[in-house]
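Here the structure comes first, spelled out in structure tokens, and everything after it is commentary.
Read from first to last, the chains carry the letters A, B, C, D, E and F; within each, the first residue is number 1.
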Amino acid sequence: MKLITAIIRPEKLDDVRGGLESYGVQGLTVSGAHGYGRQRGHTEVYRGAEYTVDLHPKVRIEVLATEDQVDDIVDVIISSSNTGRAGDGKVWTVDVYEAVRVRTGERGAAAV
Amino acid sequence: MKLITAIIRPEKLDDVRGGLESYGVQGLTVSGAHGYGRQRGHTEVYRGAEYTVDLHPKVRIEVLATEDQVDDIVDVIISSSNTGRAGDGKVWTVDVYEAVRVRTGERGAAAV
Amino acid sequence: MKLITAIIRPEKLDDVRGGLESYGVQGLTVSGAHGYGRQRGHTEVYRGAEYTVDLHPKVRIEVLATEDQVDDIVDVIISSSNTGRAGDGKVWTVDVYEAVRVRTGERGAAAV
Amino acid sequence: MDTGDTAWVLASAALVLLMTPGLAFFYGGMTRAKGVLNMMMMSFGAIALVGVLWVLYGYSTSFGTDLFGGVLGNPGEKFGLSNILSTGDGMPLVGTIPEIAFVGFQSVFAIITVALISGAIADRAKFGAWLLFAGIWVTLVYFPVAHWVFDFNKDVNGNPIGGWIGQGLGVIDFAGGTAVHINAGAAALALALVLGKRKGFGKDPSHRPHNLPFVMLGAGLLWFGWFGFNAGSALGANGIASFAWINTLVAPAAATLGWLLVERLRDGHATSLGAASGAVAGLVAITPACSAITPIWSIVLGLIAGAVCALAVGLKYKLGYDDSLDVVGVHLVGGLIGTLFIGLAADPNAPAAATGLFHGGGLELLGKQALGSIAVLLYSFVLAFIIGWVIQKTIGFRVPSHHEEDGVDVSVHAESAYDFGGRIGGSFHPLDGAAIAEEGSANVAGSTKSKVEA
Amino acid sequence: MDTGDTAWVLASAALVLLMTPGLAFFYGGMTRAKGVLNMMMMSFGAIALVGVLWVLYGYSTSFGTDLFGGVLGNPGEKFGLSNILSTGDGMPLVGTIPEIAFVGFQSVFAIITVALISGAIADRAKFGAWLLFAGIWVTLVYFPVAHWVFDFNKDVNGNPIGGWIGQGLGVIDFAGGTAVHINAGAAALALALVLGKRKGFGKDPSHRPHNLPFVMLGAGLLWFGWFGFNAGSALGANGIASFAWINTLVAPAAATLGWLLVERLRDGHATSLGAASGAVAGLVAITPACSAITPIWSIVLGLIAGAVCALAVGLKYKLGYDDSLDVVGVHLVGGLIGTLFIGLAADPNAPAAATGLFHGGGLELLGKQALGSIAVLLYSFVLAFIIGWVIQKTIGFRVPSHHEEDGVDVSVHAESAYDFGGRIGGSFHPLDGAAIAEEGSANVAGSTKSKVEA
Amino acid sequence: MDTGDTAWVLASAALVLLMTPGLAFFYGGMTRAKGVLNMMMMSFGAIALVGVLWVLYGYSTSFGTDLFGGVLGNPGEKFGLSNILSTGDGMPLVGTIPEIAFVGFQSVFAIITVALISGAIADRAKFGAWLLFAGIWVTLVYFPVAHWVFDFNKDVNGNPIGGWIGQGLGVIDFAGGTAVHINAGAAALALALVLGKRKGFGKDPSHRPHNLPFVMLGAGLLWFGWFGFNAGSALGANGIASFAWINTLVAPAAATLGWLLVERLRDGHATSLGAASGAVAGLVAITPACSAITPIWSIVLGLIAGAVCALAVGLKYKLGYDDSLDVVGVHLVGGLIGTLFIGLAADPNAPAAATGLFHGGGLELLGKQALGSIAVLLYSFVLAFIIGWVIQKTIGFRVPSHHEEDGVDVSVHAESAYDFGGRIGGSFHPLDGAAIAEEGSANVAGSTKSKVEA
């Protein structure tokens, strides 16, 4: 079992979700994040004082997946969220020691 | 050392925290998330246009724990957040390579 | 490759970012969180009813880093976010199985 | 007709209309974020429904010729206002203003009285049931009570007809301590009992106010509008209106200080919710009294009302009724304080020309004030309880438990109040005939996407 | 001069001024969080620009002596108001009030008419282009149309001069069903077509209203101000004003019920957005009619306007124009309903003393009302389309696509509306001369920190 | 007594009262989310405290018989308003309105002047210290200065008594350029210096406005109320009021354009904060001048005031004082511009009938205007500095450093403004006697749960 974490552009969330659903992913967890990297910031001005905002709104997607699906899922995410412009984000995977479905207590592959 | 991550219903947070405290967990980190899965969504209507909202508010709990406590903690979380209805959430654990307490620089078990 | 996660005080974010940039970290992801631990809470009062708030606003920083940089980065984070008062937070690292840059599909060290 | 008096009454009527949206914010800011729209809708619904009923038969019931020995005015007499609409020669007047202006001024009192009640049932009322309650209660309670208190019609010989509390008993209630605040407060208590406590009452920390600036906004708009409420009740732009105006400034000012003082001494902190609440408590208390006591006594009244109401809002936890936004603690208690205080401090030189205990008038006035208050309190409480109870037992007044958990905004109104960009995902489509027919009235729809059981 | 009448008109003028900020909230609450400031700025910009133009030549164009056979008033005649400013003996009057008070009262009508249009172009308009459009449209369309509808000047012999729609044709439009609502609605439709649809129109779920309490606040302030709009149009504190007042209460009250009823039957839920929208639709519909129909008929009008507008707002999805906040569905449709309804229900005993079809007046009045409506509709639509189109083709009206994605607030105004503490990071420095020169007008600046390519 | 004049003054007084809640939003929207309640409380606290003091001795100090050669009015003369309350025969009048209406109208000027000051000390003031300052400053500064500027009482022979600036020196200040805006602005500067800079002043990006729609709302309510402020100062519904009304529309309209123009040219973007600020700057500038200059000159004044204030708000970064919300840049600078501009552009045909430099009046009027301005500026600055300094050195004016970090809302008022559902956890219990006694006034309480040290 692996946990795939993707930091993507907020406007790409629907595409990614659509892609993952088509692939057969039945659940995922989404949360808000801000990213800092190569993407350029913007400036706001309030009564002549300038604020440079260089943290960009991002969305984090987390998907628990069985080993055999991991590569495919990463590919789906990348292909559906890629725009080619700086700020597209990162995807990373880590090993999961154990996963449990709270409702049933099912563990492992049955939990996702 | 392991990191236990639980995605649960927001209204169960207090119960889970209570359970973990009783067990002896002395700290945890909470953040907001949205989940998508088997739980059904709801519909909002604005001037005759319909919005189907199928991401549900969830709460993420993260607990660093020593190996010997992990199973108990997972059990406490599951028993205190389980409602038996779709949408109860997931718990997963991953291996932590190292954990440090920022205040003191203590590492390992002393850090949690 | 490792993922470093730090839970720190919100007011320390700028310092940490500054430190990491100086060190050479070129990107990171930030999100909001709430923490519970040794730090004392505060009390609010509304029409004679008392609310004790014991979850404190925290900021989560996540940095993907290559193995050789991990220890330095953890040190930078700790030294730049440490205040010595309860509530300073935790830093933990986990092994990353794979990391990908969405824009280019680059993997591994090239992705961060 | 006097144009100056008419100008002031028209302006005042508009000011009082604004009070109900003001109340929507005062109340709405105090609910949770997931119940604010429902709370506001109860106010806006009151404007809509009572506005229509007032024109149809409400005015006539309140200010028509006595029926049943003065229990109410004749609802059919001025039905639809049809016979008082002339604006040319022979235009009917009330005092120095067109009767139709008086109709307008009184309409907004009926509206806000109903809206006030809604504070007791935050986060758990069906909107349809609320409208039904509002329509029946305003008909059976407010219209008659307004007839008792506000009707100063006289017969051709100048003898009082109608208004057994106001002109009969001689209870002094300049702008509605009994007819508005005690009336609404008593009904609120009844509904709080009928609907029962919110889930987590007294325990769930999410019950704290979600938007205190809205509460301040509401308090500001209420105070602003209240100048129309009180000073407009002089029905003219004159010395009495000016007298009422200054009392409407100074009593709530003092009440704010009174409430904050209690908080500072008891909890260690003067709060913004306390300031807003204190101002409203002072406004409530001065409402009946603003023509009867001098500004100095208004300060005293304000201090008392602010301090006592600050203590009174805690009662619900002790006694165990969930008057969610403290209609009882602020409007019933504040209304009683103000109405009774007249019996103590009424000054024979003030416009109302009544003499209270402190000015040598003995206990007579106090007794009358108490009698009038209790009559309205009991009548409203009993009727509201019965109406509410019947609604609860028939179509149901309270939403199902899981709707309360989801939040009344989403479950009752299919809306959520805020979207600051944090909400993500979801899908959208315009409603067209087909889709409508299919999905019916369900608001918790299954996801439209196909799922495979794992 | 009558002080009472003047008091009422001055108060009314202030009330109508408040309507534009009210509109800013009504509209602003309906946009996304990242477009609310731009939406509000279009209203505030209208106050600023039209306020100045009105004093310079607007009043004179609307109420000056006929030019070109009545197409417009002479803009130079009262330029800068210079010749009507006397406040002593010989002060010029309009009826019983100082002419300068009339100038003030009419100014705010020009302002809000322009502001109304902006609802059609949410989330995608350049602010400079909007101001340019506003200035040209108000000059070429509003000022002349106001001359046609609102100018009741007579020559020395008492013969009408100016006002071919109002006093010439005899169209009844008490407070601006044609000149304000149809006028703005038609222009809004034109701009919606010129600017085209927002990205994701009819698909993107982020287009839902971001702050419904603001919409309620806007509706509340609009309703409050509308008493000045309608009852103030009597230009005095009299029976007619009072008559208009009560209609301004009861028609929107009924319209709220009408809108909610449609929602309840069609979607299963009565919404707060529906209540706010219904109230505004009713206010629009009663605007031309408030002196011509009795309160009972106002209730009927309100119910119709509320229900029809509730259905009309869905048209944009069917027909495919992005009138983002439904200026067409509410103001154009509501304005037409109200203006035409006069032809049906005008009561000879109401102040306007006109007789509609239902009271035996035949179809004549209805025909006139239709003619006046269509004249204004077409004139405004065509001119607005041309003005908008030229602006779009020259300096560009719509923001570049990536600015729309970033949000117009940040890209056009370099601001974001809210910061509840969730925004983190960023750097700050006061602008000084040096820094300004360097960074120019770019709002999407490169990070000031040095970066190393990986 | 004239009912029309009274109607207008009563309405105006209510309008001006609304300005202080309006200011609370104008200011409150500009603070951080964690300081908005404290900011609003300073306004509401001013209403409460000054409202009471005004009735007690404030009115008498401002408008009583000269003491000490005109330094102030006799505070005891009309203490508690006791001797001016008659509303029947022999009711005391001021001009054509009841004196008690005049008392009400003037009360709200005292209130808002105090509230204005609070913008300088956002995010760092103790509420108790603020109330203390407010009470002393209004007594020692505002009441006397109002006596100098606004008191036009004459002795039995018609000779001026009181009012050495207004009727003595002949400074023209129709509605309070000196007594209100320069007065408050100078005091604000003093407090900014006494309290010192906020942590992170000029560096911390969290100091950006947290809720710009609130700033717009505040500006809208202020503008609306300002019609009462300025046109109400005519103390009647007449040509002068109408003249002031139109200037109160057009000057801020022009100032909005002026401010936005500066922003557009300097920063590349016209902002909503700029629009709101420009409107307020224009309102400030026209306040003293609205009866003295023609609308065309009001446009000029507005453009100047908007542009200059847009530049002036940057001074604090250069000079290093933390006038947090720019009371100096907007009210002191705007007040000076407006007061001095009268010396240039006063038109002999305008109601004030004064002749400025441009109309051939020479420099005399300008000199007087400067003198009056400087007198008020210095008096207020010095006194405010002393009062503030003594409070700081004794009970402390500024909160402790960690309270500033936690946010003044939570540390001073034990409240937080918003809870949109993002806040999680926490526990709740009603305060009862026992619990209160135990926990005292500490707001940063230890968690009630037992902890084990690791």
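Everything below uses one rule, namely that a residue touches a chain if its C-beta (ideal position, glycine included) is under 8 Å from a C-beta of that chain, and two chains touch if they have at least 3 such contacts.
In this text, all values refer to a predicted model and were calculated from it rather than measured experimentally.
**Student:** Counting C-beta pairs in contact, which chain pair has more, A-E or C-D?
**Tutor:** Greater number of contacting C-beta pairs: A-E.
**Student:** Between subunit A and subunit B, two touching copies, which fits better, same or different residues at the interface, with half of the numbers shared as the threshold?
**Tutor:** The interface is built from different residue numbers on each side, given that under half of them are used by both copies.
**Student:** I'd like the Å distance between the centres of subunit A and subunit C, where a centre is the mean of that chain's Cα atoms.
**Tutor:** From the centre of subunit A to the centre of subunit C is 18 Å.
**Student:** Can you check how far apart subunit B and subunit D are, centre to centre, with Cα atoms defining each centre and the answer in Å?
**Tutor:** 44
**Student:** With centres defined as the mean C-alpha position, give me the subunit B-subunit F separation in Å.
**Tutor:** 50
**Student:** Send over the residues of subunit D in touch with two or more other chains.
**Tutor:** Answer for subunit D, listing residues that touch two or more other chains: 2-5, 7-8, 11, 202, 205, 208-209, 211, 217, 237, 266-267, 269, 271, 273, 314, 317, 414-416, 418, 420-422, 424-431, 442-443, 449, 451.
**Student:** Counting only residues that touch at least 2 other chains, which ones in subunit C make the list?
**Tutor:** In subunit C, the residues touching two or more other chains are 17, 26, 30-32, 34, 36, 38, 44-46, 48-51, 53, 55, 94-95, 112.
**Student:** Which of the residues in subunit D end up touching subunit C in this complex?
**Tutor:** The contact residues of subunit D facing subunit C are 202, 205, 208-209, 263, 266-267, 269, 271, 273-274, 277, 310, 313-314, 317, 326.
**Student:** Applying the document's contact rule, which stretches of subunit C touch subunit A when the two form their complex?
**Tutor:** Against subunit A, subunit C makes touches at 1, 3, 17, 26-32, 64, 94-103, 105, 111-112.
**Student:** Where on subunit A does subunit F make contact in their complex?
**Tutor:** On the subunit A side, the touching residues are 44-51, 53.
**Student:** Mind listing the subunit D positions that touch subunit E in their complex?
**Tutor:** 1-8, 10-11, 13-14, 17-18, 20-22, 24-25, 28, 36-37, 40-41, 44-45, 47-52, 54-56, 80-82, 85-88, 91, 97-98, 100-101, 103-104, 107-108, 127-128, 211, 214, 217, 237, 412-422, 425-432, 436, 440-443
**Student:** Inside the complex, what are the residues of subunit C that reach subunit F?
**Tutor:** Touching subunit F: residues 11, 34, 36, 38, 40-46, 48-55 of subunit C.
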